[in-house]
């Protein structure tokens, strides 16, 4: 039996170039004659822009050009919003690439300088004099929605970008009949994605031919090519977008930004390649942020712990303008998930998308689902506290029983498959939950504050079907495409439309193809991220690269396999019906020695000297795969913390994750995704917070003040899994990119609250800075 | 980020550096650069000239002579942290040097650069105050020595004159006492939200005398004289240390620093906690 | 005012006239071909720019090129020996110690520094030793495993 | 950013007041003030090099002494901008007779934008306090030298 690569934790094929420094990221490019752009950004959160004096900058050494909004008004159309959520009274405010009359957040671009080198470009920025007339600003979404708040856009009343509502079941009855109601006001603080690679763009434009090549740190080059044509006017067929090595994105490299379009504009004007690479400080101001919800939520239940309803109002900060996919995140990707893994029978949510004088908000790992999971899982723990039941028991009581082909929710989703109780049971037994509770009780008697926090979750990913995309206002499709091309020697090129950026699909996709057609993983080269060479695709986000792109690839590979069977049958002088694909060979049933390898078939297909009748030369297939439904990974997580009451420091002592993403193509890569995802969620609970001051300045504007998770503050993450295949996916796989993040924030939150519950502390805003925890303890102990 | 332009001069000796400083008004000294270069990159510092003293050989190194521990200004933090002499004679300094920034920062950042910059959240100033260190300075007006307590005047403000250079730090050997440094690092910058250095001389389990200095809390480090008095003559047990540490607030006045991570009130409340931790660790070494 | 400098990188001497303000990381990256050293932040926090300067790990974004005049440096491109991966590189590959790879060159060189001081580190030692390097993808766990794996491999040599 | 401070002078408000509204005195006591030129009634164009140690920034802006109630109160309005960003501040100065001297209270707020706000939030409060202390210390010396 040939080794099956699917399910094998083989080493990643992208790594040799990455560990030797020979990979090429956008900022590593150096083109002949290349010059450098730098953006002048508003230091004001809200101001009218008066005169801009660029003459000194123009005269500075090395400067080729300085452009302001007046210069780009013709050449750069406003930034598009591409997720126009329906029935939401959506108001897309005009978002110019370079501000002309008004700046609306610290970081809004007011001018661009192009110079021979970066140092000169930054020198020239210092020489531009802009007259600003400051206006009142507002940064908190709930405050911005109030009457009398500063108005950002003349045509958007009350700063309300949209009002979206979802409901299912009889919520009013659920609350009228409730035996227990618990309520909480939750702040999902604003986060900064912090992909380690800041964004960058290189634009090369041939003024004679009109051909543009744009290298960019994007998660979706095909979408960028399309939207680039809208903004810069370079026709799609003239533009080639390349996402070279991309150093993480976590959602922040989904949207299109003014920066890359301004870079294209400069390249067009000057006829020289232009590079723009943001600094980390600039990244903090200009690359999209995540979360920023104020949530008021209440849960109805019976005294025995049965959850009967959930209703909530959410103010979602959108920033100063709507980023590319922003409206869909606090709505579709959020509200539809509220029935959670409990199948809550009645839910109602009102979401107000609110413009504020802040950096635009976009998808950030989990995008909407962490905020939904947090609400539900937090309220489950509150319910447990209220009725004196263990949080694990409340969950057991409410989890949907195992199902393998569809569970409908009151918000109109159909979960594909799930076995939530088994995941929870496995978690509790692995962690020895009972023993932990005993330990906790003992520790409490000696004045130690240990807490256990659970979260059970289901999420939707594999963003998919296109007809659903249309119905929910996404201005694109959500299928994926792949081409599998077998060369004469049996080596394989795979071209995919989606564009991974660090998750390892060059390896996992090779594993898929290798098994499907009978080659080694090293025989398969996966080509992605170049719109000139790859087929159309919609990009990597929503844990869809493997779930949708992988399905497309499996389908294309199966077409190749089918054709290979036909050719092999011809070469073996057998009937096609008698052929089988076993152990990576195309053989005649019952006669395993009568077999052809893929290389044998590929050689003949490519030289085509002896082909079956009516079979074309070549061995290649392409597919456009449109999934029939989303996929719904799920799992159960546990965090154990200890709080130092003297300082408020939280020590995360243990973390256990059980996730079910269906069959695992490469378990080592799956585990790595869980590690990274969990730690990003822990970061929200414990450290990360984008803080604006009263005047709209981002005061955590660098890595000096914005605390990312560091190695020394983290425990070993214990990773386990269950395997429940998706019934509708060709490989059964679901997706794992975001699961860890979706589950972990609230697990840690619940753990800290559990630790402090004897003191009567009920809520602390995230992140749990020592001061916040200490203050909560002080207040609670004073009250006693 | 990209620094603004400046002229660059490399000093061959301390005297040469002094001469260059007086010839180039506004020039800044560059040693390891770990305080200055971040400011240059952000263009928060735009000096007309830098004078690189990083290659002056006799400014580097650690030595002990007649019960004085001497650390050259150019000695990197990593060397201080790893030095057995420092561990023996001034353990708190080794503690603190080993907690500055991160390993790569400690490889480049220097003792002299650190104290001349005098960031209120820096680790060394409090330690040097607690250890009663003296700071050697050379300038146009000749050599002089300033005690650490008189050197740190305020936020990024020292007794160092425009044309003066820190040459070394000298500490009276502490073999008969125990010292330690307790730090509450900022989770992002690694700077000290609070850093407390304690030096304890003990007779058995009784504290003969103590020196305690607080960093991170005020624009400049301050000696916790109320704490020192309270612990002097007391048994070095948890109860008396806690009681003495509680006096830390009396030494702080009303200019406690606060920021979005930790307010002044919180820092004030944490001061006794870290004073107690530093005293406890120092006491353990003193016995 | 340009200043002549001579820096040896990965065994090759580079003589250039540089502006004194040029950061070492830009000097390296602009030589042509040596772009493995990354710029991930502007406040000396992330460690993506870590290189070995005279054998010692430093953040090349917090060093002027003129300060490195006369020094001998190793960047990620020079770590492998005649095409044979360094045990740390092997270990990062073997233990899936990287995802997007952007922090990886700095992370590997910081690990090199760590093992130079402590050839047999505990997991806690490794986590502390890497406090100057940020990774957003891996949650650090496989990096810790990789460094441990490399330590074992180097001990066997 | 809120600023509150209080300073004691040995001279009565009536003696202190003329110094506080004298542009020459203000210019000489404002740390780093390079120029203070009148541009209107009680309004001046100012050029300041503000800094502590290596951290320096040159700001150009305006200083207005508004709502004057001699010798008891006025409102100081300052706007400035420079390479490192901008500062917009406003402070109410309140002079109270105090045992033959003056108790001068300052109640103000400032908005700081740009690089300093982004990376220097932890130092802003005490930096402002330091500059304010410097200003009033200088003023005190003026009252002593007459």
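The chains carry the letters A, B, C and D, assigned in the order they are written, with residues numbered from 1 in each.
Definition applied: a contact is a pair of C-beta atoms (placed from the backbone, for glycine too) under 8 Å apart; a residue touches a chain by one contact, two chains touch by 3 or more.
Predicted, not measured: the structure shown is a model, and the values here were computed from it.
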Most remote chain, CA-based centroid, reference being chain A: D
A-D or B-C - the one linked by more C-beta pairs in contact: B-C
Where chain B and chain C are represented by their mean Cα positions, the distance between them in whole Å: 29
Interchain centroid distance [CA atoms averaged], chain A/chain D, Å: 48
Interchain centroid distance [CA atoms averaged], chain A/chain B, Å: 44
For chain A, residues that touch 2 or more chains besides their own: 118-119, 126, 279, 281, 699-700, 702-705, 708, 710
Contacts with two or more other chains, residues of chain C listed in rising order: 19, 21, 42-43, 45, 131, 133
Per-residue overlap in chain D, given as positions that touch at least 2 other chains: 83, 115, 119, 121-122
Residues on chain A engaged by chain B in the complex (per definition of touch): 118-119, 122-123, 126, 279, 281, 646-647, 687, 691, 699-700, 703-708, 710, 713, 769-771, 774-775
Residues of chain B that touch chain A when the two form their complex: 1-5, 42-43, 184, 186-189, 191, 259-263, 266, 269-270, 273
Of chain D, residues touching chain B in the complex: 52-57, 83-84, 115-116, 119-123, 125-127, 129-130
Residues of chain B touching chain C in the complex: 1-8, 10, 30, 33-34, 37-38, 40-42, 50, 52, 54, 82, 101-105, 107-108, 188-190
List of chain A residues in touch with chain C within their complex: 11-12, 14-16, 18-25, 27-28, 30, 118-119, 194-198, 245-248, 250, 279-281, 501-504, 668-669, 671-672, 675-680, 702-704, 708-712, 714, 716-717
